[in-house]
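Shared between the two complexes below is subunit A, which pairs with subunit B and subunit C, respectively.
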Partner chain A sequence: MSVSSSIASRSGAQERMTARERRTRFWQMVQLVPIMAILVLLFGGALVLAILQSLGFAPWFGVNTFPDFSYFGALWGSSTFWVSLGLTLYYATVSTVIALILGILLALALVKTFPSKTFYKYLYKLPLMIPYTVGIALAVLMLSNGGMLSRLAAFFGLIDDPAQFPQILKTHYGWGIIAVYVWKQTPFITLAVYAVLLGIGRETEEAAAILGANRRTIFFRVTLPQILPGVVSSTLICFAFNVGAFEAPFILGGGFPDTLPVVAWRYFNDADYTLQLQGMATVVSIGLVAGVILFGYLAAYRRYERRMGRN
Partner chain B sequence: MTKVQLNAVRKQFGGFVAIENIDLEIASGELVALLGPSGCGKTTTLRMIAGLERPSGGAILFDDQDVSEQPVQDRNVGMVFQRYALFPHMTVEKNVAFGLSVRGTPRAEIADRLEEMLDVVQLGQFRHRFPAQLSGGQMQRVAIARTLITKPSVLMMDEPLANLDTKLRGEMRRFIRDLQQRFGITTIFVTHDQVEAMELADRVAVIFDGHLAQYDAPDRLYRQPANLDVADFMGATNIVPAAMKADDLAETGVGAIRVAPRPGFGAGENVQVMLRSEAIDLMITQPTQGGVPGKVVARDFFGASVNYTVDCGAHRITVTEQARRLVEVDTPVWLDIDPDRVWLLAS
Partner chain C sequence: MKHTATVASLLALFAAGAAQAQDAEAAQFRDGFLAGEIDWSAVEARAAEEGTVNLYYWGGSDLLNVWMDRVVTPALAARDVTLNPVRITGTKDAVDLVLAEKNSGKGVGQGSVDMIWLNGENFATLKRQDALFGSFARLLPNAENLEWNPDDPRALLNLRDFGVETGGAEVPWSGEQYVCAYNADRVAAEDVPSTFAELRGYLEANTGKFTYIKPPHYIGNTFVQEAIYAHNPDGNGAEPFQRSVDEIPAEELARLIAPGLDYLRDLEPLLLDAAGGTPRYPEDNAALDGLFLNGEVDFNCKFGLYAVATGLATGSYPEAATQFVFPEGNMIKNKNYLAIPANAPNPGAALVLADWMTSVEAQASKLQQTGMPAGIDGWTLEEAEAQSIVEASPGLVGVTQAELDANAAPDTNATLVDVIEATWLEYIERDSTDPIEAIVARAYDNLSK
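Up next, the complex of A and B:
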């Protein structure tokens, strides 16, 4: 039983249920028990602990002022928190959008036939198998002052000295962070969209062309609505990862104010272990923000699907 | 109203030749069927006419204008796909209006023509449904409506009836025929069902392995197939080898048969003789002249008609007749064959 069907049937819950329907409902619930148990114990448990700690419950540090909203108060009261939040969302959104556009373009190209297609189909997946840390190292090698690009630019006389190369890494524009995310996530989105594209086939696009639609119209009115489920699920995953990711902004970011995961890490790593609670408040804040945004995104998509008549 | 011509059109996929030099001329307003076994190149031919596939050689002409270089969007053709290819995210209404809306037709005109079209295909009550909520026949009517609303000058249909049940098939055949006559659109449709081809088409193009085997009116195709393959594909049952004794006499394994002379099949030639099963009379008594003697060995009853298998010595001959009477198995019979309905084929 899929989650969507249980959501769909909820709207009709007010209508009277027959005994048989109630029994079916009961068995559906029973079948969900194993997965729910894992979800509740592993994730729910950790979440509850995090929330408790952020509200001042940490007897193992000798702190127990539960319920205490001062950690959130201190966090949300400082302007740097909001700058950090803005940076976090900015990196996550920009890289997801760029990866999405590139991913769709790549997937559209891959459904066409062209010479040595098989080779390119392997090539584009390469970043998926390489860890983020390697990607970050590559970014340092390529993009930093004194990196490959700056040396090449100097070699070709575009600049006099590699040091004059424009600062790409360690700025709050975050081009290094965005580059790493895009490099890693474009293949992921391509993979998801490509699979959906193969599923829908070329016939509806051909039908649209015969009916007189140009390529732009075909994409926006025929292809895009059909690949939307793939777009939504893959961007959801990428965005959620980007909001919570730590290594790239830590190494390639512009320093204070950092993104929220880096802020949390700094609290956790502080010699003053009572700052752990402040860190937990940061983590819970990230969770809240990400949760609200993802929920809003999904709700908007559901509304769109309803309008399309899908249930 | 467009005349369509294919001049020596070829199509190659890599090293594989799908279509080999096909010449075809379809008159304005004509309904032509492309008939052939699976994989013979019917869909490929349609796709080239539509502009979805580029011919590897030759030219395609609409009203004597070469359209080989013209993109799909500008050809003003219509195509009903085998699996309909409806837009799954649009309602029936949106599907049907799509062609007009992408051409920038004014809203009021779209609304008018949409009503008219939904009326023609009787889909008014389903206008707000999505394709997934329709039956096969309804989806097909949406596909046809979506195409016809753009007033294409050439209408193509790729096995439009393949996915329908027998009853619906009959209805849709009549429906398509009516529409075609009403709008007078040059129509090309693909089928691998010879009965469907004969019932619907003005002319039938039989394609084997990328070659055009015969292009003729249904009755000629049925009675006078160009070669053994076509005869076989058109469901001929009785084909026996023979030697021509005279221009109008063929010596077969079951005796001498009077035939209608055909140029190029003179005395001394070795030929194949095609006897259409419904053109043979089954006689209980020996006819005054001629008549091939035999014995009924099997009877297949189909309600309105009966098939008899008659053992005539060297060959078994199938005879079809109206089920007005029933002849018992083992009855000695004579076959009376009308010379005008005997067709000679090259060996």
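Up next, the complex of A and C:
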């Protein structure tokens, strides 16, 4: 009798809990509706259309051969696609890595106390407020063969003609592109890492120092694992942006072979509008490549977290 | 770009189910006007009623944008029409919009584009898709400022646009000729080339001091066409390139264009920055002007009859810039036009705008303020009117009108331009090892898809 009543009361409590849970779940869903509507309708709808078009569905241009994999076949079958993909990933990776190293160094410097720290804390954020295109324009004004540096060099007689200035922009090494990305993304990564650093405090580092660890060991064994969430989230965003960005490689890049977003733009911009389908196949390919890489990156990070015992 | 295309296609998809409807009243107006049953005062009354006209045009020239705001807007306001200038980065954006709206079932009176400034491939596309308002040009009161007699060879540029018959569906707005300029501070007068062989000779001595705008930009395409004309193995220049792809077999076209493309391929190692590995082709006019102004290249070839005079006035050209005749006998001359799309929302106002744009007053002020040559034909005008056009001209620098006329050549047929551009991209940019015959055949296949 007493046993069964206690069971009954416990199951009643469980039911009440699930009812409350259900209510919270419901409110969570309600709160998600606006963002889901945007994601599903605008982003998802555009994605579905892009995939349909890349497979030959464009009746508004008088083209309808759905499903037709020839656009992907032509794209992936040409060696220039793979060169373009390599260039895209090269610019994205190199600039993210450089920005990450600089960002961590800057964040570590900022947690220390030094004179006029407040001023520097504002100063480093300046590029965050300036658009990419302005950064690109600055690069053109300063670094190009017609830019300030080359003109000054010619003026002071270091070179006879501005055209002799060593070429920094418009090469496939992409120094101009990388410079703009690093300039813009270092503060972003600094911001993310600095916020995490403030959250964790300095006690663990001090403990490690007292226990006799040198600075190198402290960074790699104590600090880095703790700031990793900030590192992963900020590099993820930077890398995803760099893979899909168009302006910098278009204006500062070395011409053919172009990065994939520029290739896609060239197809869209051609007077022959049927090439838009080829352009859509390029866009979908960018999405696929970026998606796979970012998914792999996140999965690796999750595995690491789980091994560390975090969930 | 990606987004506009996606949004446009999204619109198209959602509306595709809608029946092919059109504004019955606007359609009646269109049919009446094209049949010559509506007189001009009724058109003007309708334009005032519509109240707005949406002109889509390439907004890359500050001089032109200012002219639109300062001259066209007040002129139309006097006719109770508000000009809505839509400045686009590429004419193709407007063509895409018209086609997307047309395919979503929007007919006359319902679209969003009243008029587009265009020529060549963009007009050919609209015509192929049956997306034009109709044969309006000769019905405008100012049509008398243009030569329409097909027996007069001078009427060719009004009747054909890149070899495609205009059929009066667009009205000439500006005339242009492909003219090169050199920087006299850097090039001695006796070294100025007048043939492609001499250009090569100059570049062998001064490597890297020349480049041309990258096809498929139409200015780059035009340079390639001139090289092809000059190297035509039959020696008859532009003549065989007036036919469309349907009239000229792929093997024949390949034979005709091969020497010109081979010349351009061999020229690559002598172009700007080629010493550093890959030659650099600027993307547009502004980029080439920058290279020329900065002394990175010694020549600047583009559609710019008065480019040197206006460039000197605005400071975008080096002070010693001078025009010269190049290449002899093959300086491509064409016109650009104003077209009314099939789904123009304000057809009456569009007609009034088209008529005003072809007036002597508009043409003279456009020439004076923007340096864009007149699109109307001087010999059809009264003496005082013709004189006002001559006086408005910013002037030629280093060449005479007679020299330019003597070396003029017609443009290439728009359908061949597609093939030539695809071949350039494949053969020169991508360094394809395939023979030109195979590349041209492939371009033909893609085009017929």
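Operating definition for what follows: the second predicted complex is superposed on the first by the 258 of 311 C-alpha atoms of A that agree within 3 Å, B and C clash if a C-alpha of one lies under 4 Å from a C-alpha of the other, contacts with A are read in each partner's own complex, and residues count from 1 in each chain.
Everything below uses one rule, namely that a residue touches a chain if its C-beta (ideal position, glycine included) is under 8 Å from a C-beta of that chain, and two chains touch if they have at least 3 such contacts.
From a predicted model like this one, the values you see are computed outputs, not experimental measurements.
Q: Answer with clash or fit: subunit B and subunit C placed together on subunit A by superposition.
A: By the criteria stated at the top, subunit C and subunit B fit after superposition, with no clash.
Q: Identify the partner contact of A:Pro225: answer first if only subunit B is touched, second if only subunit C is, both if each is, neither if none is.
A: Touch partner of A:Pro225: subunit B, not subunit C.
Q: Just to be sure I read the superposition right, which of the two partners does A:Glu206 touch: subunit B = first, subunit C = second, or both, or neither?
A: first
Q: Return first, second, both or neither, reflecting whether A:Ala264 touches subunit B, subunit C, both chains, or no partner chain.
A: Second partner only, subunit C.
Q: On the A-aligned overlay, A:Met308 touches which partner chain: subunit B = first, subunit C = second, or both, or neither?
A: First partner only.
Q: So, A:Asn214: does it touch subunit B (first), subunit C (second), both, or neither?
A: In the superposition, A:Asn214 contacts subunit B only.
Q: More residues of subunit A are touched by which chain, subunit B or subunit C?
A: Touching more of subunit A: C.
Q: Which of the two partners, first being subunit B and second being subunit C, lies in contact with A:Gly146: first, second, both, or neither?
A: A:Gly146: touches subunit C, not subunit B.
Q: Using the superposition on chain A described above, determine whether A:Tyr132 touches subunit B (first), subunit C (second), both, or neither.
A: So A:Tyr132 meets neither subunit B nor subunit C here.
Q: Measuring by CA atoms in the overlay, how small does the subunit B-subunit C distance get, in Å?
A: Minimum C-alpha separation, subunit B to subunit C, in the superposed model is 44 Å.
Q: Taking the complex as given, what residues does subunit A use to touch subunit C?
A: Those in contact with subunit C are residues 45-46, 49-50, 53, 58-63, 80, 145-146, 161-163, 167, 170-172, 250, 254-256, 264-266, 268-274, 276, 279, 283.
Q: Contact residues on subunit A for subunit B in the complex?
A: 203-204, 206-214, 217, 221-222, 225-226, 308-310
Q: Spell out the residues on subunit C that touch subunit A in their complex, using ranges where they run on.
A: That would be residues 1-3, 5-7, 9-10, 12-13, 16, 90, 92, 95-96, 99-100, 103-104, 120-122, 125, 129, 208, 214, 216, 218, 273, 276-278, 280-281, 283, 290-291, 293-296, 418, 429-430, 446-447, 449 of subunit C.
Q: What residues of subunit B sit close enough to touch subunit A in their complex?
A: 50-52, 72-73, 75-79, 81, 83, 85-89, 91, 98-99, 102-103, 129-130, 133, 146-147, 150
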